[in-house]
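So, here's a batch of structures to check.
In the two complexes that follow, chain A is the common piece, with chain B as its partner first and chain C second.
Right after this comes the complex of A and B.
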């Protein structure tokens, strides 16, 4: 079982790869809309990447209103 | 058998009842989740699902004219619930599932809904809200609840059984059919009261342009609580015998897949989704080898030349076969609405031979006011008035630009329990839209920004600045207020709209790091599309009326006169 720190770390790495930004520039507390300059549909695209990586399914409503990496990590963690 | 002749009906309930009887064996609803298909219903099965629900509602004392709210994502049970309410003579209150639980409770109270049909996760959030105890709901039906879930006082939507047939309750055209909230919450929720006549007239005006018949398929992406999807993804397809496809996820890749899997005929999108589709196509084009790319560019140029005067779908499907295949190959119209769409974005699709229709409308007018006819393609306009719609430009300036006012049988009867707002908006039978426009020589409407203090996001959300002010309540300033930046500095554009916080600091104080940080923190509490883009500092007291309310128009004008847009500090 992964720890929440590991989950968060993997999310940050995947987000950096997916949106082609340096991993070092991302932190768990970051607002991903602002930091990555993405819209809500791009956020959903990221979510699919994360689902495939972690092997979980997250309904769209679970991430409604979520805008920072650490909350996203806890939502994923709870389904691992 | 063609579309129903809506002129002979008095209510949505009566028209839909006939529709169900007319095409019993045609598919009306398909529900897909990712790559799985969850369910498929014929019109007969739809009726079999709705009637026991109607009987349950009626047994619980739900009377003609009573109100039932629906808070669900786009799915079959949304439409089944709505039909059961209309069948029982009730009023549907569609609420935006993306609102917070507190906002849901506020609108449930405002609409005086007695019944609620709601999805389980949304209901769970509502019951956890501090103001939950005060609700006035008589019956709550919860869909998809897990087997051992605690539903509080609610019942399972799937559990109802009825031992008798429900009674059909006729309504008149002038009766209320829906209360649709065109914008949020805040002090004055704008609940548009729409009558059966409004919907029947609108459907009758728009259906000939986008005709549905058995075999037509509409992909439903825009939330069904939105006027566009309610019309395009429910009333229009049903009264024509078409099918509606619901997706349980709005991930762009599954939307793309749905096109090909279900060979979609029509789809309505907001500009944000269109931009996403464009990005996907551009990435595919960029990945092509140079030779193939040159051929594609030539074909696009050829298609553009051939479709200048009007769409030639058959030809475009041959010229740009792969692209049309990616859209399922049977797409007849992609409708873009809900917010202003940039002409270049529309041109991109038009050049590919994808028939892209824009228009202009608002919930207050029951959706569409104008529609573009593509003969020829004029992306710089929002098209001609739909049948039965009159447009007037109020006090036009030298360029012919003034406030757009409209009159039609589709215009709402008013905002629920808001007589002042209604009196400002409906003047002598004309709906004052608050948008600035001009009708050109060909009779097409062009829009040039807004007169009112609001913005519309690319997701089609109307945001009134007053509604988000409470988020900043208590910040360490003397006073503050929020404006649409274009309201302070009028610009002849509908794009790039931003919200602006105006700060009047305490005397002798400046905006320091701590205050900035606090503003940023509060801003972060808002959903991303409701956030302010920046602030300005104003060094005079705000003008106020006798009731101490800020005189916003006066303040905006003063700021506009003395400060430049560049004074705005980004957050």
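Right after this comes the complex of A and C.
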């Protein structure tokens, strides 16, 4: 079982890789819309990449209103 | 220049480029490419091009075994009905006229979907990115769905106070278990390709960017079969749920008259939220 810290780290690494931003520039508390410069379709892409990476389903309504990596990590953690 | 013979006329139908889609035929496989920015929204322009395509289908079917439908838009297969156009048009008229216009549009798009659904060709949707609402309904009219691993399927209509209305509910009921239908419709959530494969919506999942290649390979396989046999098999195993399709239009039109729907559409159209399809 991954710890929440491991889950968060994997999310940050995945986001940095796919949206081509420096990993060092991302923190758990960051607003990923602003930090990654993504729109709604790209947010959906991030959701899909996270589902594929962690092997979980993350219904849209669970991430509605979520904009920081930390909360995103906790939503995923509860399904691991 | 006008075609001079029946053969020339037949050949001119083998390829076409419209405002929102194009098609061409190669080695017995027709490829229909949706291509309307930003995400292949299905409004009047797309409807007219789809109608043009199904008008040509009888001639194309004489020379083809399979049809592959895919999108040239990066965002995905299709985001569904053009809700901005629907809202803008409806705003200009009295509700009775708006409902009449909506019913006319739905009957036309149903005719297109039904024709694709019952084509003797083996039809394959190569899906990447968003496959929402009416776009999902178009994919469901096809015999097979090949999904890119980044594809997402969704019926978000209930979020707007309406139901899917391009024939999606009867086709979804035909293809998967009722529990899956309820999950997708009553939560409005989107599912990924892996889930779509698991519930039987998708027949194959492709690596990122590979859905069209897999769909083409599948289409090529179907060209090896006797067409009469394949068409007879399809007709036997894929009945058109006529009555439910008609009922779907009626239910949509009844729901559409409620002020809450226009308000939801207004919020959607005017929204600047990061995820505007969520209520």
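To be clear about the criterion, the second predicted complex is superposed on the first by the 80 of 80 C-alpha atoms of A that agree within 3 Å, B and C clash if a C-alpha of one lies under 4 Å from a C-alpha of the other, contacts with A are read in each partner's own complex, and residues count from 1 in each chain.
The criterion applied here is as follows: a contact is a pair of C-beta atoms (placed from the backbone, for glycine too) under 8 Å apart; a residue touches a chain by one contact, two chains touch by 3 or more.
This is a predicted model, so every value here is computed, not measured.
Engineer: First (chain B), second (chain C), both or neither: which does A:5 touch?
Structural biologist: neither
Engineer: After superposition on the shared chain, which partner residues are touched by A:52: those of chain B (first), chain C (second), both, or neither?
Structural biologist: A:52 sits against chain C, while chain B stays out of touch.
Engineer: Give me the intersection of chain A's contacts with chain B and its contacts with chain C, in residue numbers.
Structural biologist: Looking at chain A, the two contact sets intersect at 33, 39-41, 44-45, 47-48, 57, 59-61, 64, 67.
Engineer: Which of the residues in chain A come into contact with chain C in the complex?
Structural biologist: Spelled out, the residues of chain A in touch with chain C are 33, 39-41, 43-45, 47-49, 51-52, 57, 59-61, 64, 67.
Engineer: Please name which positions on chain A make contact with chain B in the complex.
Structural biologist: It is residues 31, 33, 39-42, 44-45, 47-48, 57, 59-62, 64-65, 67 of chain A that touch chain B.
Engineer: Quick check on the complex: what are the chain C residues that touch chain A?
Structural biologist: Listed in rising order, the residues of chain C that touch chain A are 39, 75-76, 129-130, 149-150, 152, 154, 187-192, 194-195, 273-278.
Engineer: Applying the document's contact rule, which stretches of chain B touch chain A when the two form their complex?
Structural biologist: Against chain A, the touching part of chain B is residues 34, 73, 97-98, 100, 119, 121-122, 248-253, 272-273, 275-276, 458-459, 524, 527-529.
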